[in-house]
Every structure is written in C-alpha cells, then in structure tokens.
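Two complexes are shown next, each including chain A; its partner changes from chain B in the first to chain C in the second.
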Partner chain A sequence: MASSPVARVAGRIAVPVLGLFWLAVTTVPFLFMVMTSFKSQQESFSSSVWALPEALDLVNYRSVLEGPFLTYFKNSVMVVVISVVLIMLISAMAAFAFARMRFRFNDALFGLIVAGMIVPIHITLVPIYLMTRQMGLYDSQFALIGPYVATSLPISVFILTEFMRQIPKELEEAARLDGCGPFAIFFKVFLPLSGPGLSTIAIYNGIMLWNEFIFAYVLTSSTGTRTLPLAIWDYQGQYTANIPAILTVVTLTSLPLVVAYAFGQEKIVKGMMAGSLKG
Partner chain B sequence: MTDITTRPADGGAGGTALSLKTFAPAIFLAPAVLLLAVYLLYPLVDSFRLSMFDWNGLGSDARFVGLDNWKKLASDALFWEAAWNNILLAFFSVVVQMPIALVLAVVLDNAGKGSRILKILYFLPLLMSSVALGVLFKYFYDVTFGPLNALLDFVGLGYLAQDWLGDTRFALGAVIAVVCWQYIPFYMVLFMAGLASFPADISEAAKLDGASETTIFWKMKLPHLKGTIRTAIVLSVIGALRYFDLIYVMTGGGPEGASELMATYMYRNVFSSFQLGYGSTVASGMFIVVILIASVLMRFSKRYETEV
Partner chain C sequence: MTSITLSGVNKSFGANFPVIRDVDLTIEDGEFCVFLGPSGCGKSTLLRMVAGLETGYTGQIRIGDRVVDKVEPADRQVAMVFQNYALYPHMTVYDNMAFGLRQAKTAKDEIDRRVQEAARILQIEALLDRMPKALSGGQRQRVAIGRAIVRQPKVFLFDEPLSNLDAALRVHMRAEIATLHRNFPAASMIYVTHDQTEAMALADKIVLLHAGKDMLKHGSIAQVGKPLDLYHRPRNLFVAGFLGSPTMNFLEATFVAQEPVGARVVLKSGEELTVPVDGSTLAAGAPVTLGVRPEHLAPVVGPAPQTLTRKVSAVEHFGEYSFVYLEGGTSAPLIAKVPGDGGVKAGDSATYAAPADCCHLFDADGIALNHI
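The block that comes next holds the complex of A and B.
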C-alpha cells in the first residue's frame, strides 16, 4: 500500500522497542528499591548498586516491622477508612440535592462547590493548623479527618452529581408513588443505584488520602498518631545513612496499594483517571 | 423535590410532609456545606486576614501591619524566583510529557495483546505516594551510592555523573524528570482513551482509499485528540503550579533555592522561620497566581470531557 516496506518494518520494530524501553524506565527505580531492601547496610556501601543482594535477607523487613511501622499502618487504615466513608455519604447526599431537587441557588451553589477543586490546599494550611490547635485536635488522627473529607468533597460531589443525573426519573417517580419521601428515595433508590459512582470516588480518594503528606505532616507530630507517608519521612530523618532500611520502609508502604492493584487494575486505573480528570 | 404537589395533601400530615420537603435540600446539603465552610472557605479568608499581620504564630503578640507584607511580597525576589520555577516546571511538564505520552499511547494502541499488561505496569508510579517517590529518587540520584551515576559509569558515560540534587544547575531538572516519570503514564492512558474513541470504520475507509497509517495519524487521529491534549495541558499546568510534596522531600527547595517552588517557600516561611503572617501572604499570593493562570487557561481551552 502507500507505506513503503522499510517504513512498515521500522514500525513493526519500533512498537516493541519503545514499549520495552518505557517498561525499563518505569521498573528500574522500583528494581533498585526492592533489591536494596534485601541488602545489609554494609553490603549497600561496599558492593555495586546493581549487584544482586548476596542473600534474600529479610532482616530489614523484620527490624522495620518490629518497630513502630504497624502503628503508622494502623493509623493510615483508620484515617482513610473513616474519611472515605464520610466522603461517600456526605457527597452522595449533596449530589442527590444538586441532581434531583429544585431549590434556589442550586446552580450557583453547585458551581461554588465545584470551584473548590481549583483551590490549592496550601492556602488553607496555616489557618487549618491554627484551628486544629484551638480545637484541641492537634497531634491526633482525628485532626486529619476534617481536612481530608472537606478537600475531597468538591471532586466527589461533582462526579456523583453527574452520575445521579443519569439515573432514570421513572424510578424516583415510582418510589414517590409508593409513598417514599426524599430520605427514603435517597437511601432506597439513589444510594444503591450509585454503586459505580461511589466506587470511583472511594478508589480515587482512598488512594489520594493513603498517600497524603502535607496535612499529616503539619497536623500530627508523634509516632503514635502519624500515618504511613510520615513513616517514610520519620525513618529517613532517623536513619539517614541506612539506605536499605529506608527503602524497606518505602517498599512496605507501597505494598498495600500494589496488592490492591493486583486485584483490580482496571477499576483502579479508571478511578484514578476519573478523579484526576475532573479534579 | 421536583414537584411538591404530586403528593396528595392529607390534612395535618400533609403540612409536615410539605415542610419536610421544603427543608430537604438544606438537610441534604448541610454536612457538605458545613465542612467546606469550615475547612475550605474560612481558611481561605483567614489566610488573607493573617497576611496582614506580623506574627510568629505562638504568642498573642500578632501585630497588624496592613499591606506591608504584600509590599514585601511584591519585591521579594525569592518568591518570584519560586514562582518562576513553578512556571518552568509547568512548561517542561507539558513539553516533555505530552509528546512522550502521545508516542507511548500510539505504541500501545498498536501493540495488540501486550498493551494491557504494559499499561498496567506503566501506571504503577501513579499509585506511589510522592513521599515514597521523593525518598526513592533521592537515593537514586545520590552522588556516591546512587544507581543513576553507577548506570552512567557502566555504559561508559561516567563523565556525565553529577551531584544531581546538590548542584544548583541540575536540581530543578532532576526533580522535573521525576515528575515526568510519574505522570507520563497518566497522560498516556488519557490519550489511549482518546485514540480508542476514534471510529474504526473511518480509518478503515481511509486505508481503502490508500492512506498510510502515518497519514491517518497526522491528518485524522491527531486532530481528533485535540480536545484531549488541551485537557491534558490544563491539568499538567495547574498541577505544576501547586506542586509541593515531591520537591519538599527531595530537595527542600534547595540547593540555594534552585528548586524552590511557591508552596515550598510558603512552608519554609511558616514552619521553619515561624513567620506565620508573611507565610500567609506567600500562600495568598500563590492562590492569586494559581487562580489567575488557571482562569486564563480555562478561557483559552474549553474543557473537554473525555471518557476513560
């Protein structure tokens, strides 16, 4: 056809070559991370960085897991679970009002909330820090929940409102004829039918909050209250020279999401894309 | 609800049902509005208020200084250098990420079966926290123990080895490289979705008319992606203006401010120099810069919705 044989062969070679090249670019840093985590501190200084570990030594993992790592982990799970549940409920309620209720300022208020997506959270940092101190919540896991839920709301309300607008009006009418009020319609019709939208916002916000750094860094200060991203920070502050131990912490911190990813890649990719696109 | 009168009024009970319905929107919106008012709107306003004080954040000796902090900000070279770095970050994010992401999207679009597993693996960096990546790449770039210099040495380019993060000439570039490394797959997936939405029968028809794959790409698929590319540019610029975590972890804004961004500069003023007042001015200034640039961008590129 129109393309010359040379061009076609070049095309056929370029695809796997480029595909594998980027695979290397992506995996090399991870390879370095995992390989180093199996080395002793001594080994990491003396042998070449790219030498395989002498033995599959789990000593770094053991020592990290015996330390406060699990406390960080527990805090992360607690903060993220509570926040995500609240985000789902609160944004679904607001989305229901925006999608299906007629009231004054509906559009204006919706626009205002959605505009919240563009606010850089850094401007809220100092006032929230001062407010948290005043509320007596400073250095507690609960200090994080308010900012986490609030900063996730604009995007979540936006996604869910779009979603709920697609739910057929007939279902709502039928429920109303059965004598359901707004609350029954919300809980019995809209919430169950919003499953895919809710799972999108749960995945997106779950991952974002699991990785969140700055609020956690500013609003908590002790090991007992800090979340996983701070585990990395605290370890690297304490053991600057022990590269294998620090990379072990990095590996362990990333593991939960990698495991989750192994089970639901498509859903996670979709959720991350939807969240970031609209956010 | 949409229509209050559809429900038959049944005397007194109807009255309460009506008032319940009148208040229903308020009840459904209250939690969201309350939280946003407390954790987003109030802090926004409070930041501007604090920007007019001289205060170390500890005592009650906050001193009202009016617009002094703002005058200081206007002539604060460090702030404008940081803002400039944000703009460089935005510029290079777009210039580096978009072409590579587009090439990869086309490659995966043609890769057939292998594309799924590659896409999944490429996407991994996006799941990592920026602290994890920051620490990982800090060691990756390490001058003596870092694998990057070792790699350069290995391929005979040892003379290119550098103190990547410790050298004012390279620090910002080194950090931008990590940002690109993490986000290229994101834009790749975005472009793949755009390519997938290109109607197959149109490219079939073009092929029958003798058009080559290359022609189809440049003349038909690329124009089809225009909206997606615009969305990608807006996202990456806005992201670059608000960047903090990765840079804070990798360089702290250094050396000598070489990789300082507006957000890291704000953080340093507040939590290292304890100038809460001036730090709030920096934060508010950053807010204004972000909103200005974002609204200009949005004006020039109507946001296109892309289904993934």
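The block that comes next holds the complex of A and C.
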C-alpha cells in the first residue's frame, strides 16, 4: 500500500531526527568519559561536568599504567584470543556439518544448540564454579576459556551455519569430483570461503568476551589472573572518589573495542543480517 | 573403452516422488550424447547419477567395463562442467585447474604441463594468475572446461554449461565445445540442456526425456536417436511437439481407410489427406492426430490435393522468412513458416500444401504410426 505524502515527509524528518537523538545518547557519555580522563581530580570537582579539560594532563594515564592494568590487559588478550580461536574452529566445523551433511537429527541438534542462546548464563554460574574448582582450574585464565567458548557457540554456530548454507552446493560437488573428502572440502573450500562469516563471529565474540564480567568475577580471584572488566571494578574500589582515574581505565579498556568496531562494523551487521533473514 | 551403460535405473526423492523411471541406455565410446527435456524431467539428476553425485537409485550404471554404483565421484574418471561454473572463488585460475591434480598427488611438473596445455587449447594462458571474479562469463566457462580437461577424464559431463551466457557467447562457446569433442575423440561426453538448438547442433545422440505424467506412464526416456531421426521420425506426440520451433502443428482427424500409399484421414474441417504410414491396426472412424511442421506447409495457388485452406489471423515478418498464423480447426493457431514476406496479410484466405512425406500420424494414445 502506498504511503501518503504527509507520512513520507514525516518519515524523512523523523528518521534523521531519531538518528541524531540516538547518536547524542551514545556519544555524550563517551565524550564525558574521554574528557574527564584528562582532568585532575580537583578539576573534575570544581569545573562544570561538560567543561573541556584545562590542559591535556596525562597524569591519570601514567598512574593507571603504572598499576596492575597491564597485567589485566595481558590476561584479557590471552583469554579472548584463545577463546575466539576455539570458537571459530569449533563453530565452523559444527556449522559445516549442520549446513552440508545429511544425517539423522540434523535439524533437531541444530535447534538444540541454537536454543542455547536463550539460557541465561547466571543460572549456570554455580555448576560451572563447582566444576571449575573440581577440575583444579579455579583462579586461572583457563577457568574462563571453557565457559566463554561454550556460551558463545550457539550464536556462532547459528551465524556460520546460515553463512555456509549460502555457499553454492556445486562448489562442494566440484571438490568431491576433484577428490576431496569431507575434511578436505571443509579445510580447503568451505573454511577459506567463510572468511566474512568467521570475521563476524570473531569481532562479535571478541567484543562480548572483552567486556565479560560475571564469569571473570566468579572464577578468578587474584590480580595475576583477572581480566580488564574486573580491573575497572578493582580501580573503583581503590579510587572510590577518583572519578578521572576510573574513567581513564574505562577509556583504555574501551579503546581496542572502538578500534575493532570501527573497522569491523560492516561485517558485524552483515553477518547478523545473514543469520536473521534466512533459515 | 569408455561407453556408459545405464540398466533399469530408477530414482525417487522420497517414497512418492519418482524422478527417473526405467532408464535403459547405452552411450557408445567417444559419443556426444545430449540429455534433452523440459524442466523437471530429471536430465540433470541422471547426469549427476553418472557423476556419482546422486546416490540412492536402483539399477546399475557402468562406465566402460566397471560397475560404478559404489564408486566415489573422484574415482569414476569423469569430469564435470557445472551450469554456474563452480570455480573456487578463493583460488586463481591456475590453482582452480590444478586443484584436482594436487588432490590426486600428481607430480608438480606434470600438473604444470597439463595446466599450461589446457590453457593453450582454451586460449586462457593470460588469465592463469587471475581470480575468478575478475573473469567474464565466457572466460569462467573456459576455465571450468579447462579444469575438466586437465584431469584427462574418460567421460566429460556438462550440466547446462551455456545457460548463463548471453546469446552470442552461447553460440561461440557451443562451437568451442564441439571442437573440444573433436580434440578428445576417445572421451565420451554427456551434455544436459533444455535448449533443443544446442542439442541438435552438438549431439551424436539425443536422449529426450519425459516429465510428469508421461514419465510415470511411459518411463523417463521418450526417444533416443540421432538428432535428425528424432526430428523427422518422432516416436510420439511429446517428441514431435518438443523438437522444432515453432512447434509442430497438430490437427485432430479421423481415420478413414488404409490404402496402398498410406492412411487416409479426414480433418475436422473436412479436408481429406493421405499420410504414408501403416494404419492397418486402426478401425475406420478411429480418432487420430495429424502432425505437420510449420516449415513443411508450402503456399499453393488454386485447387490442389493434400492442402489446407484457412483464414490468415496474423503474419510475423522476420526478413528471411515469415510466420503465417492460420485460424480454424485447431485450438492453437496453425503456423506456416514461409520464405520472404509470405505474400499474404491478416484477413486473407490462404491455401497451403501439406506434402504427404512430411506428415505424421499419431494414434489415440499419441504414438506415431510407422512410415511405409
């Protein structure tokens, strides 16, 4: 049904206005965070909340970087990198099986795995905590990798399965005629062709795990094993009244994600759309 | 020996959805065989069964002396060219062509020699370092053919390889495939198409396949033979109607009597014609269908035997020839393909001769009566 001219004009105005409103909602706290990180504690109290810093004072950054921040950062990088690599490998193999292999209970198993997306991780905390202790992994970076991989697999398998379903069947058949078995078809044809899908899940899961707090809080306890989200929490305890220092930690923690999102947002959106429109 | 034999082959998708029925067929050593038929007739399925990409059928398929029903596709010594080329997008042209040989652990020097040789034959030497996305449709099709050539297969399988190309390129590539057949005389080729022009131009043998109810009633194969045999001696109404463009004219008629020169029939419009076929099995008054191709209807002036007189409803001019549409006596208009402008216009009454040798007669079941 064709919309009326009034509705069309209203739509043309409303969309950019709402867009600008949302931009303000998301940008203002970010700007506040960055600006405050350059202020001294005294300046942050005395000046207006929206006032620009009097000078680009890096004292907060120096102070944070001299603390245990880099240890947290290193732990986060290690846990996230290992988890994401495992997620990519496992979900790609599972997706290949679900997308391309005909076997009994294929649809039922796929449905079961995807249904994992609706399980709140909080109800798994106690069992995972107990299992982690029994396995002797408590308070180590490896304690986090298992839960991270497990909770990320449903969405990753879902996205990659839909992606691999769109790879033409003839490529698989051509590979079979060229002498490939299932493993060669997967590693030599499907995995290289799934680059965009793999990038999507790498960026998406990387962001989610970089920010993950609850598992890190429950499964680690010492400075040497904790990750960045707990670093923020730690600094909050240490500098209860030092808001610029806390926001400096937040700024430094956000920086890798901002960079990653700036370069990968197209893939993220595309991958999520591919997963939501088909199937 | 690379003959291909299909014996009692049947295939269904699910219990109640047969797609291939009662196929008994032999493709001789070095023969170019075309599977032709309407959409849904199972021609691609049959090809894929020979390739080993479709399993779960009954009957037997042999390539040469070997039964291949349980043999993996890569071990059947077949190479296939797909409709959408199926080139690996992440590999260069060279790597696409070399991929199968690398999988077979062929020596590097030998791979290089074969790829370069195939590239020379197909004139794609300059493209070897390019990615498939940087190629035109025709170039991609050549690479796909090159990928098949390097494997030195005993059987080439083509699944509608030209259908994604534009008309001019299709004609060009058709000639190249014919050349390929001449260059590899020992290899048998099976080519799937729904385009009768391609089939007539390329085939040593055409296998015309039924679809739907005809397949269930008569089996998948409607007729097998040389292209001109199918064109001039169709076995039934389906074959007669499928080959030829415009399609053969069909006129309802009644069998009158068998005479020494042929069967005498009377059309619903009253004209009597003689068709040189054996109608001795028919009873007088039996319903029959007369078939005559548009290009066999010749304009005549004045009274003559074996003619049809109709009112012209429309004329389409194509320069070299014209289609004259005639109304009356049939549900679809009768079409005459005549040289030049046809010499008539809409509204005229025109008379066309239907030479006895060019007429076909089909019984009530649609089966052609044998010519005498």
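Just so it is clear, the second predicted complex is superposed on the first by the 231 of 279 C-alpha atoms of A that agree within 3 Å, B and C clash if a C-alpha of one lies under 4 Å from a C-alpha of the other, contacts with A are read in each partner's own complex, and residues count from 1 in each chain.
Operating definition for what follows: a residue touches a chain if its C-beta (ideal position, glycine included) is under 8 Å from a C-beta of that chain, and two chains touch if they have at least 3 such contacts.
Computed from a predicted model, the values in this text were never measured in an experiment.
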item: Touched partner set for A:93, first chain B, second chain C, both or neither; value: first
item: Per-residue touch tally on chain A - higher for chain B or for chain C; value: B
item: First, second, both or neither for A:184, with chain B first and chain C second; value: second
item: First, second, both or neither for A:193, with chain B first and chain C second; value: second
item: First, second, both or neither for A:176, with chain B first and chain C second; value: both
item: Chain A residues contacted in one complex by chain B, in the other by chain C; value: 176
item: Residue numbers on chain A that touch chain B, as the complex places them; value: 1-3, 7, 11, 14-16, 18-19, 22-23, 25-30, 32-33, 36, 44-45, 48-50, 89-91, 93-94, 96-97, 100-103, 106, 109, 113, 116, 118-128, 130-131, 146-147, 149-151, 153-154, 157, 176, 181-183, 185-186, 207, 210-214, 218, 228-230, 232-233, 236, 243, 246-247, 250, 253-254, 257-258, 261, 265, 268-270, 272-274, 276-277
item: In the complex with chain A, residue positions of chain B that touch it; value: 1-2, 6-7, 17, 20-21, 24-26, 28-29, 31-33, 35-36, 38-40, 42-44, 46-47, 50, 57, 103-104, 107-108, 110-111, 114-115, 118-132, 135-140, 142, 145-147, 150-151, 154, 181, 184-186, 189-190, 193, 207, 210-215, 231, 235, 238, 241-242, 244-245, 249, 262-263, 266-267, 270-271, 276, 279-280, 283-284, 286-287, 290-291, 294, 306, 308
item: Partner chain A, residues of chain C touching it in the complex; value: 48, 51-53, 72-74, 78-80, 82-84, 86, 88-90, 99-100, 103-104, 147
item: In the complex, chain A residues that touch chain C; value: 168, 170-171, 173-180, 184, 188-189, 192-193
